[in-house]
Amino acid sequence: QTVSEIKGRGVINIGMLVDFPPFGIMNTDNQPDGYDADVAKLLAADLGVKVNIVPVTGPNRIPYLLSSQIDVLVASLGITPERAEKVDFSSPYAGIRLSIIGDKTKDLASPEKLVGKRVGVARASTQDTAVTKVALPGTLIQRFDDDASATQALLSGQVDAIGCSNTVVAQILKVAPGRFVETFPLSQQVQGIAVRPKQTEFLAAINAFVAKIKADGRLEAISQKWLKAPLADFVAAAK
Amino acid sequence: MYDFNFAPVFASSDQLLRGAAVTLELSCEAMAIGLVISIGLAAAKTSKIAPLRWVVQAYIELIRNTPFLVQIFFIFFGLPSIGLRMSPDAAALLALVVNFCAYATEIIRAGIESIAVGQIEAGRALGLKPLQVFRYIILKPALRTVYPALTSQFIYLMLTSSVVSVISAGDLTAAGADVQSRTFASMEVYLVITVVYFLMSAGFSALFGAIERAAFRYPLSR
Amino acid sequence: MTTTSETAAEAPRKTLETAVRMEAVNKWYGAFQALKNVDLEVRSGERIVVCGPSGSGKSTLIRCINQLEAIQSGRIFVDGIELTAGGKNVDAIRREVGMVFQQFNLFPHMTVLENCTLAPMKVRGETRDAAEATARKYLARVHIPEQADKYPAQLSGGQQQRVAIARALCMNPKIMLFDEPTSALDPEMVKEVLDTMIDLADGGMTMLVVTHEMGFARRVADRVIFMDRGEIVEMAPPDRFFDDPQHERTRTFLGQIA
Amino acid sequence: MIRTFGWNEFLFILMAIRWTIALSAIAFIGGGIGGLAIALARTSGDKVVRQATAGFIRVFQGTPLLLQLFLVYFGMAVVGAAINPWIAAALALTLHASAFLGEIWRGCIEAVPLGQNEAATALGLKWASRQRWIILPQAARIAVAPTVGFLVQLIKGTSLAAIIGFTELTRAGQIINNATFEPFTVFSIVAGLYFVLCWPLSLLARQAEIRFARASAR
Amino acid sequence: MTTTSETAAEAPRKTLETAVRMEAVNKWYGAFQALKNVDLEVRSGERIVVCGPSGSGKSTLIRCINQLEAIQSGRIFVDGIELTAGGKNVDAIRREVGMVFQQFNLFPHMTVLENCTLAPMKVRGETRDAAEATARKYLARVHIPEQADKYPAQLSGGQQQRVAIARALCMNPKIMLFDEPTSALDPEMVKEVLDTMIDLADGGMTMLVVTHEMGFARRVADRVIFMDRGEIVEMAPPDRFFDDPQHERTRTFLGQIA
């Protein structure tokens, strides 16, 4: 079984995004850092093994997991039913609010208003799923490789709006003050740690770990450190 | 062990086919436009006017020594800042043409330079003007000489076009990524689109062979 | 230097009109002087054979006449028109001068007929029909009317060279230049090309021929020129040239190629 | 958590160039060996060998490198033979480069006049000696320019190895871009670094071409 | 067909040993038959000149002797060894037979000396010193000892062809094959190569020479062979061959190339 295998090996391979601030970044020492990295380190410590963080990307993170290149994903992976068919999720350890942010001069206040407009999202992300779900026929969804490209498309006027997380919204408002507004919320998204299916023992251990850091305030500290906000209630409440 | 399950991939086959169609269309357009422009650039590069040669040379060096990804990025995200805004498909086409021409120009130039001087002299001795010599005497044999190189560059262009998915042009790779993001059947999706790419390049090879037989029917000496 | 002065009176067939005149022509390739102070006058209808060792400037001489090479000093008149260095008259002159190369230089991607009609159509603006009629006439004249639709690579060397002659004739030139037209041919094919040229000469065409076919020179030349190191060393009617050369260098040369 | 682009960010991108170089080196060494074998097989007298290699070339020239990398790395793992990313990259890049170099070099070998091979044969030299002493040295001179030209493409192509986890030049740029939101600064630097890497090679290729043209102009 | 039987007694210099024997040799290129039932016997020390129109199979004939072309039926013996189709003896035979090509085929990336020493070192395993000594000997024999360190491109055509001859001689062949060795040369250079070959002939080398240099044939050939369409049509000593050819086709051919 995986847990004993990992303990025997003495090291756990954790997949993590490094281009998804503030959850996953490369810090100034060029080490993986961020919300996910802190959680990953705690997880390894909890299992009593060394941590080996493997940088993955949005599109290839699930292949990494499924092909056993890594043991577990702590990669801001939003919990969705489709994904749940391929991987098993732990209880949520983080959450984001997803919303539409768009050009201030245009009225984009509801899904109906987006018809005929170009809406950018990061491909294979939960934003993608959320926008696709609310979008009415005629909405032009444009999928980019990552949030940065989608953001750039918004800034350069190549799209009218993008679907993104609250952290990205904050960045856009800072980079281009006064040009864009958050028009309407899409959904709240909780993120889970993911493992390959049928690893019940491993998943149970991870769930125990998540419950522990929620209870003893360590997760709250991480949230304060990286999001400058308390752990969202919908994350704290979820089981 | 991984369970292969192609059902979700085939369920999305029309999306993949649409992506393949976009890839084909983009490649064909870029080839056609790029060929014409490259011929012009190659003529400029073999011309007697030095500044013209330098400009073309600078363009070629710039494009050939930087990644396509960066080029397409500047075209799609950068050009709007000088007021040139275009759709992802148009930007993808432009980027492919700009990239392809840098390589094709060099290939065609080599073809032009392989034409024996005697051919040019014979044309001039008959009273043809330089442009007429180029058009009627040099061009066709030059293209024939480099035809194999040119067609592999064409295929390469089609394969490179997979990068345009970064600016959300709906090509085959983008379609594959979208299907993958919905179904998470990444292995299956990539296998299938690899096969589709292979079929398309095989198709192009066959097409180029047919064009070669039709366009270059004249026999070569020795 | 030493251009011996043969007078026009000697050869009955030539007229008094001047077809080509070169006056003190000098030609350099970089630092290398390929033509040294060359003077030459060719009358209309005259046939000149040029010979000499490799590198002596024979090709350069005739290539200057239709401006495939530019000269650095001196003057060249073709059919009364002066070739200026800038080359304004070049187009006019090239229309008067046909040229046949050692390597044939047929266009491989065109049929024989297309080779012959290209220039008349593009340069003189003839219609396709007119150009084809002319082309067929000259192809018949060089005895290969039946090859019109073949490609050059499908012909023997001798046939290719005859196409090259016909192609030049289609532009109706007043003067024909030949640069070693038979030296790339198999021995058997030399004869058919020489026969074609003799035929042309009998028709009164002004011709300048670089060749080492001495039989041809004896038979058709009005004058034979011997060049060495960029100079015209000897110039005389064939009898005198072969039987009684004036210069040592000419004699050595004739001894070698015999 | 947005950062401004600074010295550290530049260094991060700059340091990533070693992976680009390492991957290129691997691809080129592997491709060099494989390509030579392919080229010789393609010009051999044996029809089966020729057709087998033609098939190999067709597959690897006919599919995108990105997918080759993906399928080798994840595919091997999926069939239960997990390999580390270096081996996967080496394998995929070698196969890719072998196909292209093999094809380039075949052309160069065939450009050596037939008479050279015949003269060597008539002197009694065997196949290996003919290749070693007569054919390959002459083919090599023609090959320099297109080979270096391909190397330039290969260097840029290694950016696709990001999909199997390499943080090479392009990927490093994307990571920094995601942290700084300064795409034009970041990608100008990335482009500049590629240019610094590739341009000298392009110059070399051009010089080789000129030198060859001069040599073959008799 | 029709191999007229000249007997060995006629030419004083040849020995009775057989250098090459071809028996009923047939050679096809696909559906095209290039050699038709060719019989030929060459004695040691004999000099044979082969002529005939283009495409008649002259090159094919001599290329079969050192197996640059494989034959489909018939037998070929070289120096007593039979050339089998499988080619086991090929290596042994190539060591006995030197060949000189129309296009010289020198190795452009090697100096003259390296051209000459490569095969002796790689095939016969000679030391560099021994091979160079031999090479210099033969370069002196063809009168270009001073060119040893140049590259082929730095030599004139005549010099290149003499290097090619020296290169073949360095393998110490018993038989030399020449395929139109002078036809790619400028007229002035033909003589120097022919002189080298005459010299070689005077030394007693067995030679098969495809050439149209009839002066050479008259002077050195023991027998002249005329081929047409893959057949040996006529074979006779030069006097008879030139002055009294038996076959119509030979007469026509001689008429054309004269």
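Things worth noting here:
Order as written gives the chain letters A, B, C, D and E; numbering starts at 1 within each chain.
Here, a residue touches a chain if its C-beta (ideal position, glycine included) is under 8 Å from a C-beta of that chain, and two chains touch if they have at least 3 such contacts.
In this text, all values refer to a predicted model and were calculated from it rather than measured experimentally.
Common partners of chain A and chain E, by the touch rule above, are D. Common neighbours of chain B and chain E, by the contact definition above: C, D.
Of all the chains, the one whose CA centre sits at the greatest distance from that of chain C is A. Computed from the mean C-alpha positions, the centre of chain C lies at a distance of 38 Å from the centre of chain E. Between the CA-based centres of chain C and chain D the separation comes to 53 Å, rounded to the whole angstrom. Chain E has its Cα centroid 46 Å from the Cα centroid of chain D. In whole angstrom, the spacing between the mean C-alpha positions of chain B and chain D is 19. Chain D has residues 70, 74, 78, 183 in contact with two or more other chains. Contact with two or more other chains is made by residues 2, 77-78, 186-187 of chain B. You'll find the chains touch as A-B, A-D, B-C, B-D, C-E, D-E.
Chain D makes touch with chain E in their complex at residues 113, 115-116, 118-126, 129, 133-134, 137-138, 141, 215, 218. By the touch criterion given at the top, residues 58-59, 61-68, 70-71, 74-75, 78-80, 103, 107, 152, 156, 159, 170, 183-184, 187, 190-191, 194-195, 198-199, 202, 213 of chain D touch chain B in their complex.
Listed in rising order, the residues of chain C touching chain B in the complex are 66, 68, 91, 94-95, 97-99, 101, 103, 105-110, 118-119, 122-123, 151-154, 164, 167-168, 171. Touching chain E in their complex are the following residues of chain C: 53-54, 156, 183, 186-188, 191, 212, 256-257.
On the side of chain D, the complex with chain A involves touching residues 1-3, 8, 11-12, 15, 70, 73-74, 77-78, 82, 162-165, 167, 174-179, 181, 183.
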